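Before anything else, here is the set of structures, which you'll find just below.
Next come two complexes built around chain A: one with chain B, the other with chain C.
Now for the complex of A and B:
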C-alpha cells in the first residue's frame, strides 16, 4: 500500500462514526428499547419484567443492570445477547441504584424503607443496609470509590456514606425534594437536583459544603413546570446538563462558571440523561412524549427525536 | 431581435425594480417590519402552540417561531407579489406601462421580466429577514440557505404571476384594498404558514382541504423543506403548475386583443 492509499484509508476510517447502542427502559411497556442512535432507529423492544426504571451498564460494557420495580428485583442481562443472566435481591420497589467503579457492588435506594441496600453482585446478596432519610431516591458512587451519596426526597438531605466504613459521615440540607445526584469525573464535586425548588446544588466533596445553587428560568415557561431531574457532567468538567422534566428542556451549564448557557428543547417531561461513549452526543428520555431526543454536543443542537415506546425512563449506552 | 436585446431588456427591468426597492427606504423597512412583528410578537405568544407531533422536515421538537419562519418567508413573497401587481396598476395609471409595452419585444417576455424583477426583490427581502432571524437563534445550515434559493425563485414567480393576473383585472389603485381582503388574507391564513395541516384537521376537515389545495401552502412547504436541504416533490409540482396556470392567464389578461385590456380600453 503506497502512502496515498494509506492516507485515503485513514481519512475514510476517521470519518466513519462508531456505532453505539442506546438502551431505554420503558416503564409502562415493561420493556427495554434498543436504539441505534446513528441510524436514528428503534431496532427492537424486548420484555424485561414489570415496570423497569433504573438502568446501568458495567464499566466493561458486558452487563446491563435493570431495576424492575414491580418484580422487586434488579435483573442482570448480557449486554450483547440481552439474555437474562441473574436477579439480585434489591428489596421492595427498586427504582434507582448506583454501580461502583469495580462493578462488584450495587447501592440501591429502598424508598419505602428509608434504606440504602448494599449488594454484593458476585454473591447475589445484600451485605449491608444503611438507614437514611425519608424516601431516598437519587444515588451515586464517586468515581474514586470513596463516597456514596443518597438523596432523600422528603428529608431534603444528601447523605454522605463513607464506602470504607459503610456509615453516614455527613448530611447536607438542600432545596426541597432532591431527586438525582451525580459526581464529576474527578470526584471533586457532587451535583444534586431539587425537583420541587427547581434548583441545582453543586457541592464540594472534600468540605461537603454547597458551592453554588443554580436557579433556572426559561422565557415563556412557568416556574412550576421547571422540575430538574437527571444530571450528566462531561468528563472534562466543562459542561453539565440537567433534565428539567415538564419544562421539556435540558439546561446546559458551564461547569466552570456555573452559568446556564442555554436551554435545549426536547420531548415532554425529560427525565434521565446519558452521554455517548465519546461524549459527543447526549441522549434524553422523554417520559410523556414517549421518545428519546439526541443532542449533538458540538453544535449544542437537538438533532433528532426517536419514538421508543410508552414512558421511557432510564437510559444507558453501550459502545 | 437578437438574444442580447432580450437580455438587456430583462436586466433593465430587474435592475430598475431592485434599485427602486433599495432606494425606497420606507418600503424596504416596512417590508421587513411586517414579518418581524409576526416573528417577535405573535410567535412569542404562541411558543408552545404546536403541541406534540414531529412532522417532516423536522426531526425533533421545534419552537413555534421556527415553525412559522418559512410561513413568514411566504408572507414576504405573497405581499411582494401583490405589491408588484400594485405597481403594475400604478405604472398603467402613470403611463410608464405604455413605454414598456411599446418596446419591440414580445409582451409575454416583458411580463416575465417584470415577474423576475419582483421575485428578485422578494428574495432580497427574504435573505435580510433570514439574517435577522438568525440573530434570534432561528437558523438553518449554510447549505439550507443555498438550497432554499431555487424554492424561493419558484414560489416568488408563482405568487408574482398571481399578482400579475390580478393586476390585469384591477382598473384602479383604489381596488387594491379588495385584493388585501379577498386574496392576501384568505391565502395566508388558510395555509400551512401559521399551523401545520394536522393541526387544521383537528378543527375542521374542510379547512384542512382548503389549506392543502391552497397554492400558497405548497409554496410554503416547498420553502420549508428546502430550508432544511430537503426536496418536497409534491409541493414542487403543485407550485410549478400553479405558476404555469397563473402566468398563462396573466399573459392572456394582458393581451390587448383577447384579455381584460379590451374591457379597460387598453393601457
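Now for the complex of A and C:
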C-alpha cells in the first residue's frame, strides 16, 4: 500500500467515524426519520408503530427506545439495523420516559393514571409503580443514578424519587405546567421548564430548593407564545438550551450566570433538543414546520434545516 | 453569677412561650389544612328538545367540580392540604337563595355557583360583607360583567360578547362579512343578538337583514318549506342564529333559500369547551372525564372544573384557605391557570371575567381557536374577546 492510499484510507475512516446519525420520531407519520446531519440529508424513513413520541438511545449506542403511544408500548430497536428487538410493557399511552445510566431500568410517565412506572428492561416487566401528581410528563434520571424527577403538569410539581427506596422524598412546587426536566452532567442541578408561565426553574439537587427562575421575554413576541419545553445542558455546564415551542426560538442560557445570552430562530413550534456527540451542534425538532434545525454551537448560528416528515417530536443522536 | 429571681422568672416565661410556639407549629404540620368549597346548583327542568339525539344531562357541572377536587387533592397530598367539595343540589321547585342563606353563608369561604343571574346577584349581595368568594360557573350575561358587576364574583364561562367576538374574528378571516341575523323570541336570544350586533360593529361587519323566528307553526313538520321562505332576504354571506335553548336553530342549516353556512348558537358555535377539542393536553382531560362519568365533558363541567381548580391553585400557592388571600392571588400577576387551551388563563381585573381562548366548533370538527391570528392587543390577544378595560362599565374594583 503506498503512502497516498494510506492517507486516503485514514481520511475515509475518519470521516466515517465522525459521521453521526440523528433519529427523529414523527408523531403523525408513525415513523422514524433517519438523518445524516453532516450531509444535511434525510437518509430514510421507517415505520415504527402508532404515534411515536419519546425516544432515547442506550449509553452504548446499540439500542433505540421509542414510545409508540397509540400502541401502548415502548419498542426497542437495534440502533444499527433498525430492526425491532422487543416491546416493553409501558402502560397506556406512553409519551416520555427516561433511561438510567446502566440502561437496565426505564422510568415511564403514565399521564392518565398519575403514575411513574419502573420497568426492568431485561425482564420486560414493570417492577414498581409510584403515585405522582396529575398528568406526569417530563421525567429524568440523574447521571449519578440517585434521583428520578417526575414533573406533573396539572399538579405543577417536581417529584423527587429516591432510586434506592423507590419513594418520593420531596416535592417542589414550580411554575404552572412543568413540561420537561433535565439534570446537569454533574447531577448537582435539575432544570425544569414551565410551559404556561414561560419560565425555566433551576434547582439544587442536594437541597431540592429553587436556585433561580428565568423568565423568557422576546421583543415582538407575546408572552403567551413563549412556551418552554425541551432542555439541553452541555457537559461542562457552560451553556443550557431551552426550546420555546410556538415562539419558534431556542434560548441560549449561560449556565454559570443564568443570563439569557440570545434567542436563536429555528423552525415552527420547536419541541425537543439533542446534542451531537461532540457537543458542537444542537438538533431541534420543529413540530409545525416538519423539519429539524441544526445549530452550530461554536458560532451560535442556525446553519441548516432538514425536512423530515410530519410532526417531528423526539430526537436522539448516535455517533 | 446566678440569675436573680426576676431574671429567672423572665427566662421561664420566655421558655414557656417558646414551647407553646413549638407546639403550635408541630400541630399545624401534623394536621392537614382543609379547604372546603360549597357547590351550589339547582336541578334543571328538561326542555322539549328539537332532536332526541342528545340525552338530557341533569348534572352538568358537578362531575367537572368533582374531577377538579380529585386533582386538587393529588396536589394537596404533597402540600398538606385537603380539598372538600360540599354539594348543595336544590330541587327545581326549591329556593336556592334560601339554601344559600341557611346552609352556606357564614360557613364557607368559597362557593361555586351554577345559579341563574337573578339568584347569583341575590347570593352575592348576602355574601358582600362576608369573607366569601363566589365563582360563577354558569352565567354568560354581559351585564353581570358590566353595570351589574359585583366585587365578590368571578366569572368562569365566557360572556356572550366574548363568544360573538370570537365568531366575528373568524368571519373576518374568511371575509364573510355580510350577516343575516335570525333571533329567537326568548329574552336570552335577544341578549345573544345584542352581543352579535356589538361584535359586528366592532369588527366592521354588516348585518344586512334581521328577522325574528316567531314559532307560529309546528317547526317539526314544516321546517323544510318554512325555512326556505323565511330566509328569502338580501344577499348575505352567513346566517347568524340566536337560539340559546335550541328551539329551532338546528333546522336552519341546509334549508335556507341561499346556500349559506349557519353560525351562532347552532352550526359553528363559539364555546369554552367541546368534545372535538384534543390539543394542548385536552385529550387527557377528555379521557379522564369520560372515565369518571361515561359521557362527554360539557361546557358547564369545564367551567366548574376550572372554578375548583382556580381555588386549588391559589390555595396551594398561598398555603391559605383565607378568602381574601386566595382572591388576591387569583387576581395577582402570578396567577396562571392551566385550562388545556395552550395559554395560561387569568382573571380580568376590571370585571372578574376569566380570560380564555374560545373554541369555534362544528358538531364534529374543531374549526378554529379564537383569538384568531392577526387580531392584536398591546397586553394579551385574549383581551380582543369581550369587553376590554376601556370599554368596561364595571365600576367596582374586583380587588
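Going forward, the second predicted complex is superposed on the first by the 302 of 319 C-alpha atoms of A that agree within 3 Å, B and C clash if a C-alpha of one lies under 4 Å from a C-alpha of the other, contacts with A are read in each partner's own complex, and residues count from 1 in each chain.
Here is the rule we use: a contact is a pair of C-beta atoms (placed from the backbone, for glycine too) under 8 Å apart; a residue touches a chain by one contact, two chains touch by 3 or more.
A quick note: this is a predicted structure, and the numbers were derived from the prediction, not measured.
Q: Once the two structures are overlaid on chain A, check if chain B and chain C clash or fit side by side.
A: fit
Q: Is A:265 contacted by the first partner chain B, the second partner chain C, both or neither?
A: First partner only.
Q: Which one hits more chain A residues, chain B or chain C?
A: Chain A has more residues touched by C than by the other partner.
Q: Look at A:112 in the shared chain and tell me whether it touches chain B only, chain C only, both, or neither; answer first, second, both or neither.
A: Second partner only, chain C.
Q: Just checking: does A:303 make contact with chain B only, chain C only, both, or neither of them? Give me first, second, both or neither.
A: In the superposition, A:303 contacts chain B only.
Q: What is the contact status of A:220 with respect to chain B (first) and chain C (second): first, second, both, or neither?
A: Touch partner of A:220: chain B, not chain C.
Q: For the overlaid structures, how many degrees, to the nearest 10, lie between chain B and chain C at the C-alpha centre of chain A?
A: 90
Q: For A:188, decide between first (touching chain B), second (touching chain C), both and neither.
A: neither
Q: In the overlay, answer first, second, both or neither for which of chain B and chain C A:145 touches.
A: A:145 sits against neither chain B nor chain C.
Q: For A:134, is the partner it touches chain B (first), chain C (second), both, or none of the two (neither)?
A: second
Q: Please give the least Cα distance, whole angstrom, that chain B and chain C reach in the superposed model.
A: 11
Q: Hey, which residues of chain A end up touching chain C in the complex?
A: Listed in rising order, the residues of chain A that touch chain C are 111-112, 114, 133-135, 152-157, 159, 168, 171, 173, 175-177, 196-197, 222-224, 227.
Q: Any idea which chain C residues touch chain A in the complex?
A: 71, 74-75, 78-79, 281, 284, 287-288, 291, 313, 316-317, 336-338, 342-344, 380-382
Q: In the complex formed with chain B, which residues of chain A make contact?
A: Those residues of chain A that touch chain B are 40, 220, 248, 265-268, 289, 293-294, 302-305.
Q: If you look only at chain B, which of its residues touch chain A in the complex?
A: Touch list, chain B to chain A: 44, 47-48, 52, 54, 59-63.
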